[in-house]
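Two complexes come next, and they have one chain in common, chain A, joined by chain B in the first and chain C in the second.
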Partner chain A sequence: MNSFYFAWRSLFRQPVRAALAIAGVAAIGALLFDMLLLSQGMLISFRDLLDDVGFDIRIMATASTPISGPRMADAAATAAAVEALPEIDAVVPMRIGQARIVGPDSVNLTLIGSVTSSRDAWTVVEGVDLDAIVGSDHPPLVINRNVAEELALVPGATVTVRSECSERYSVLPTVDFVVSGIAEFPFDPVDQMTAAVAMPDFDRACGSVMDEADVFLVASRAGEYPEMAVKAITRLRPDLHAYSNAQLVDRFQQVGFSYFRQISTVLATITLFFAFLLISALLTVSVNQRFAEIAALRALGFSRRRIATDLLWESILMVGTGGLLALPLGLALATWLDRILKAMPGLPGDLHFFVLHPAAVATYVALLSTAGVLAAAYPVFLASRLPMASTLRNEVVG
Partner chain B sequence: MSATVIETTGLTKTFPMPAGPVTALRDVSFSVAPDEYVAVTGPSGCGKSTLLHLLGSVDTATSGTLLFDGRDISALPDAERSRIRLTQIGFVFQRFYLLPMLTAWENVELPQGEAGASKAERRARTAELLDYVGLSQRARHRPSQLSGGEMQRVAIARAIANRPRLLLADEPTGELDRSTGEQIAELLDRVHADGNAIVVVTHDPAIAARAKRRLEMRDGEIVAEASA
Partner chain C sequence: MRRPFALLLTAFIALGTAALASFQPTAEPTSSDVTDILVSRQLLESQDLAVGDLIDLAADPTGARARAFRIVGSYEPLPDPARFTQQRLEVRLHLQDMVDMLADPADPQSGESVSAINVALHDPEREREFRRSVFGQVPGLSVWSTQRGDSANPFVVLEQFHLAIAIVTILASTAFLLALMVMRSEERRETAGILRLIGLGKRRVLTQVLIEGVIIATVGAAFGIALALVAQSGFNQFFQWRYDTALVFVRVSPKVAAQCVALAVPLGVIASVVASWTLLRREVLALLRR
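Let's turn to the complex of A and B:
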C-alpha cells in the first residue's frame, strides 16, 4: 500500500472528522483566495476598462484627474499637433460638463463633448452614432441606458438640454437635440446619467466657442509602444501631462489602490496564519491520537521516512481537497462581496473589486501548499522521532 | 549465517528519571538459536518488555552489545535497523495494534508491500497466511469486526508476513481469555514448528510451559534459566 493510499485511508478513517477538517480548510482557503482576488482585482479591472475604451494614452493639463483640474487651451491646435506626431494614430479631445434635460420629466446628467471620429469613448448599442445623423433639424446626441429608461427615450426622440458649463452665464439658453442612439460609456457609475454630443454642439450648448478640452484621448500607432508615444508628446508639449494606460494604472496603484492592497495583504497574511494553525492543530491532534499505532508501525519496520511521507500526504490530501473546494466557494463569496462594494457611489459600473486572474490562482496554490507543508512539519517531526519503546510501554501501562 | 539469531552481552538499560536514573535491565547476556522457543517470565516491572524491545531493536541499550545474526545492530543507522525489523524480526503486541482502517487482508499485506514484495507475491502470501491462522473467511473484515483472538491471529500473520528469522511476542495473550489464549499459544507453537525462533514475554504459565527454554527475570536480571 503506497503512502498516498495509506494517507487517504488514514484521513478518512473518521469521515466526519475528515469532512470537518476539509470544510475548515475550504472556509479559510476561500477567504485567502478572495483576499488574493481583491489584492489585484481592482487594478486589473481598471486596466481592462482603460484598454477596452480603445485609447492607450490620456493627456491632461495637470497631474490631477480630468474635470478636477484646469482645462487645456487651444484644444484644436494642440490635438492637431499631437496627431501629427509619427507615433500617434488618433487624438480625440473631450470636454466634460454638467447639463439638464428639461421638460415634463427632467434629469441632471454629465454631458460629454467630443470630436467625432472613427474612435469614440463610447459604444452605441441602439440607433446610430453622432456622425451618422445628417440633415436633421437638431444636432445629434447619444444617451446612456439610464437616461433612455428614465425619460423613456428612443433613437429619434427630441430632447431639450440646458447646459451648466459656462462661467460667464448663470443660465444658458436651451438647445434641442435629437437622440441618435443609446450608448454604453465604460466609466459610467451604475446610476450615472450621461449624454454625449459633438464638440461644436457642446460649445453651442455652453454659449461660446471655448476651444478647450478636459482630456485628450490618444491612440498610438499600431506597433508603437505607448510609452514611446508619451515621450514624444512630452517632448512636444512639456507643459501637458501625458500618461499611457500602464502609467495611469501605476498611479492608481500608488494612490487610490494602495488602501485595498494593504488591507488585502494584511487579511491574506492573517488568513494564511489561521490556515497554518488549523492544519497544524488537526494533524498534531491526529498524530497524538495515533502515537501507539505509529510506534507499532515503526516497530514493525516502517522507516521514519515512510511515516513522514504518510503524514505529508495526509496534509496534502486535506489541504488539496479543502483548497479545491475553496475555489468555487471563494468565487461565490467574491461575487457577493463585489456586488456589495460596487454599490459605493461614483464607481464605474464595469469596475470590479474581485477579479479572477491566473496569477491569483497560482499564488493561492503556492501559499496554501506552503502552509500545508509547513503545518505538517511539526506533526511529522513528532511522529518520525517518536520513541517506540516508551510509547508502546506507556500505551500498555495506560 | 550465524549459529545464533540473537546474542546479547552485558546488556544494560538505564532510564533517566526525575528522581535519578533507574536501571531496568542489568548486565543481561544470553543467546537465542534459530530453532529456539524462549519464554521470558517474571513479575511486572522486572525488565521483560525492556529486554524484548532491545532484542527487537526498537530501543537501544545503555551499554552492552547486541548481535543479530552475528552483526552488531545497535550501531546501525535508524533506516537500516528499520529494514532489519521489517524483514527479519516479527513483532506481536499485547494490544495487537492492527490498523483500524484496514481490513485483515490489508493489515497482513502492509509489511510485505513495505518490504518491496510484488503484488502477486503479496496476494499469494496474504492468502496463505490468513489460511494459516484460520481467518480466510474474515479477510475483508476490519479489526473492529473481529474478536480479540481473531485480531491477535491477524497480528501474528502480519508479524510473520515477511518470513522473519525471529518472532518477538510481548504478552500475546494478555488481553485474551484463557481459551482464546490457548488458541494463540497453539498458533505460536505452529509458527515455531515451521522454523521460526520465538522469544515470548509472558505472565501466563501455560504459555511459558510451551517454550523449550524459560528465562526467569527479577529486578532487571536473569535469575534463573530452565529448559524443557
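Let's turn to the complex of A and C:
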C-alpha cells in the first residue's frame, strides 16, 4: 500500500471527523481566498473601468480629483493645443455640475457638459446621441436610466433644467432640453441621477460662457504609450496635471479605499495563522491517538521516513480537499460580500471589490499549501521520533 | 429634550479649507491687521510650523491676494471615518476672515455668502416641512439631511461586511471545534466505558461532559477576549500610524465582548455534548472495545 492510499485510509477511517476537518478548511480557505480577491479587486476593477471608457489620459488643473479642485481656464484653446500633439488622438473637455429637473416631479442630478465628438464618455442605449439632434427647438440632453425611470422620460420628451453651476450665488433661469437618448455612464453610482449636454448648452444653462473644464479626457494615438503622451502634455503645459490610467490607478491605490487592502492583508494573515493552528491541532491530536498504531507500524518495518510521508499525505489530503472546495465556496461568498460592500454610497455601479484573477488563485494555492506543510511539521516530528519499544509497552501492553 | 439635527444647505462647510488655500510661512507681518488662526497638528508637522509663526494664506493657488495670519495654536482634527485616508492639512479661521479671503471682487454678493449653513431643528421630525419651507422661500437652495438611511450609511455597510466575515469565521471555527471534540471524545472512550461500567448513568456522564464543556468554553472565550484586547491595541496603533489619525479602528466594547461570550460558550458546550453523545449512546462493552 503506497503512502497516498495509506493516508487516505487513515483520514477517512473516521469519516465524521474527516468531513468536519475538511469543512473547516473549506470555510477558512474560502475566507482566505476572498481576502486575496479583495486585496487587488478594487484596483483591477477600477483599472478595467478606466480602460473601458476609451480614454487613457486625464488632465486636471490640480492633483485633486475632478469637481473638488479648481477648473482649467481657456478650455477650448488648451484642448486644441493638446490635440495638436503628435502623441494625441482625441481630447474631450468636460464640465461637471449640479442641476435640478424642475416640474411636478423634480430630481437633483449631476449635469455633465462635454464637447461632442466621435468619442463620448457614455454609451447611448436608447434613442440617439447629442450630435444626432438637429433643428430642434430645444437643445438635446442624454439622461441615465435612473432619471428616465424616476421621471418616466423617453427620448423625445422635454424637460426643464435649472442649473446650480453658478458661483455667483444667484438662482439661474431654467432652460428647456429635449431628451435625445438614454445612456449608460460608466462611473455612475447605482442610484445616481445623471444627464449630459453639449458644452455650449452647459454654458447656457449656467448663464455664461466660461470656457472652463473640470477634466480633459484624452485618448493617445494608437501605438503610443500613454506615459509618453503624458510627458508630452506636461512639456506643453507644465501647470496642468496629466495622468495615464496606470498613474491614476497608482494614486487610487495610495488613497482610495486603501483601508480594504489593509484590512484584507490583516484578515488574510489571521486566517492563515488560524488555519495553520487548527490543522496542526487536528493532526497532532490525531497522531497522539495513534501512538500505538504508529509504534506497531514501526515494529512491522515501516521506516521513519515512511511514517512522515504518510502523515504529510494526510495533511495534503485534508488541506487539498478543503482547499479545492474553498474555491467555489469562496466565489459564492465573494459575490455575497461584494453585494454588501457595493451598498456604499457614491461608488460606480460597475466597480467591484472582489475580482477573480489568476494571481489571487496562485497566491491562495501557495499560502494554503505552505500552511498545510507547516501544520504537518510538528505531528510528523512527534511520530518520527516516537520510541518504538516504550510506546508499544505503554500503549499496547499497558 | 432638544436633539441637534443638522441640515446642510450646500455640500461644503466653512471649515477644512486647506484644499482650496495655498499658504507659505512669512517672516514679517504683511499688514497691521494680522488675525489669528489654528492649524491642524498634521499641517503643523508637515510644514515645520510652530505656534506664533506668521503665515500667508491665499485662496488662489498662485498666492495672489494673500493675507497674513498668526498661528495661535494647533488642534487634532475631529476623527472622521469618511476621511481617514486623507491627510488632514487644515486650518480654522474666523468665518468673516474666510469670507473676505474667498470673496470675488467682481461679485459684491460673494462677500456676503457662505457655502453652507448647519441648522439644528427643534423638532427633527419636521425635517420635510422645513425643507419645503426653505424651497418655497429661497428657490435654488439645496437642502440635505445629515441623517441618512441605513442603506446609504458607509459605516452600516462596513458593519454588515464585518458581520459577514465574523459569520464565516464562526462557521469555520465550529467545524474545527466539532472535529476536535469528536477526537477528544474518542480519546476518552474507554474512560467513559469504565464510568458506565461502575454504575454511572448516561445522564451522569453527560452532565460531567456538560460541565467540562462549560468550563472549557468559558475559559476559551475569556482567552479570546483577552487576545482581542491585546490585538486591539496593536491594530489601532498600526492604523493610526498608517493614516496619521486619532480614529479608533477597533474597540472591544462590553457589548462586543458579551456577544462573543454569548456565541462562544453555547457553541463550545453544544459541540462538547454532541460529540460525547455520539459516543455515550453506544453499548458499554462497545465503549470498552469488547
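Throughout what follows, the second predicted complex is superposed on the first by the 395 of 398 C-alpha atoms of A that agree within 3 Å, B and C clash if a C-alpha of one lies under 4 Å from a C-alpha of the other, contacts with A are read in each partner's own complex, and residues count from 1 in each chain.
Definition applied: a residue touches a chain if its C-beta (ideal position, glycine included) is under 8 Å from a C-beta of that chain, and two chains touch if they have at least 3 such contacts.
Everything numeric here is computed off the predicted structure, so don't read it as measured data.
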Report summary line: Counting residues of chain A touched by each of chain B and chain C, the higher count belongs to C
Query raised in the report: Does the superposition put A:P86 against chain B (first), chain C (second), both, or neither?
Result: neither
Query raised in the report: Does chain B (first) or chain C (second) touch A:R9, or do both, or does neither?
Result: first
Query raised in the report: Does chain B (first) or chain C (second) touch A:R305, or do both, or does neither?
Result: first
Query raised in the report: Does the superposition put A:A30 against chain B (first), chain C (second), both, or neither?
Result: second
Query raised in the report: Which holds for A:L20: it touches chain B only (first), chain C only (second), both, or neither?
Result: second
Report task. Pick one for A:M388: touches chain B only (first), chain C only (second), both, or neither. Result -> first
Query raised in the report: Looking at the overlay, what does A:P104 touch: chain B (first), chain C (second), both, or neither?
Result: neither
Report task. Determine, under the contact definition given at the top, whether A:P238 touches first (chain B), second (chain C), both, or neither. Result -> neither
Report task. Return the residues of chain A at which the contacts from chain B and from chain C coincide. Result -> none
**Report entry** chain A to chain B touching residues, read off their complex
**Finding:** 1-2, 9-10, 12-13, 292-293, 295-306, 387-390, 392-393, 395-396
**Report entry** Residue ranges of chain B touching chain A (in the complex, touch as defined)
**Finding:** 49-50, 53, 56, 58-59, 78-79, 82-87, 89, 91, 93-95, 97, 99-102, 106, 109-111, 113-115, 158-159, 162, 170-171, 174
Query - chain C - residues contacting chain A, complex - result: 19, 61, 84-86, 104, 107, 109-110, 113, 139-140, 142, 148, 151-154, 157, 160-161, 164-165, 168-169, 171-173, 175-176, 178-180, 182-184, 186-187, 235, 239, 242, 278
**Report entry** Complex contacts: residues of chain A adjacent to chain C
**Finding:** 14, 16-17, 20-21, 23-24, 27-28, 30-31, 62, 64, 68-70, 98, 108, 162, 164, 167-172, 255-259, 262, 266-267, 274, 278, 281-282, 285-286, 288-289, 333, 336-337, 340-341, 343-345
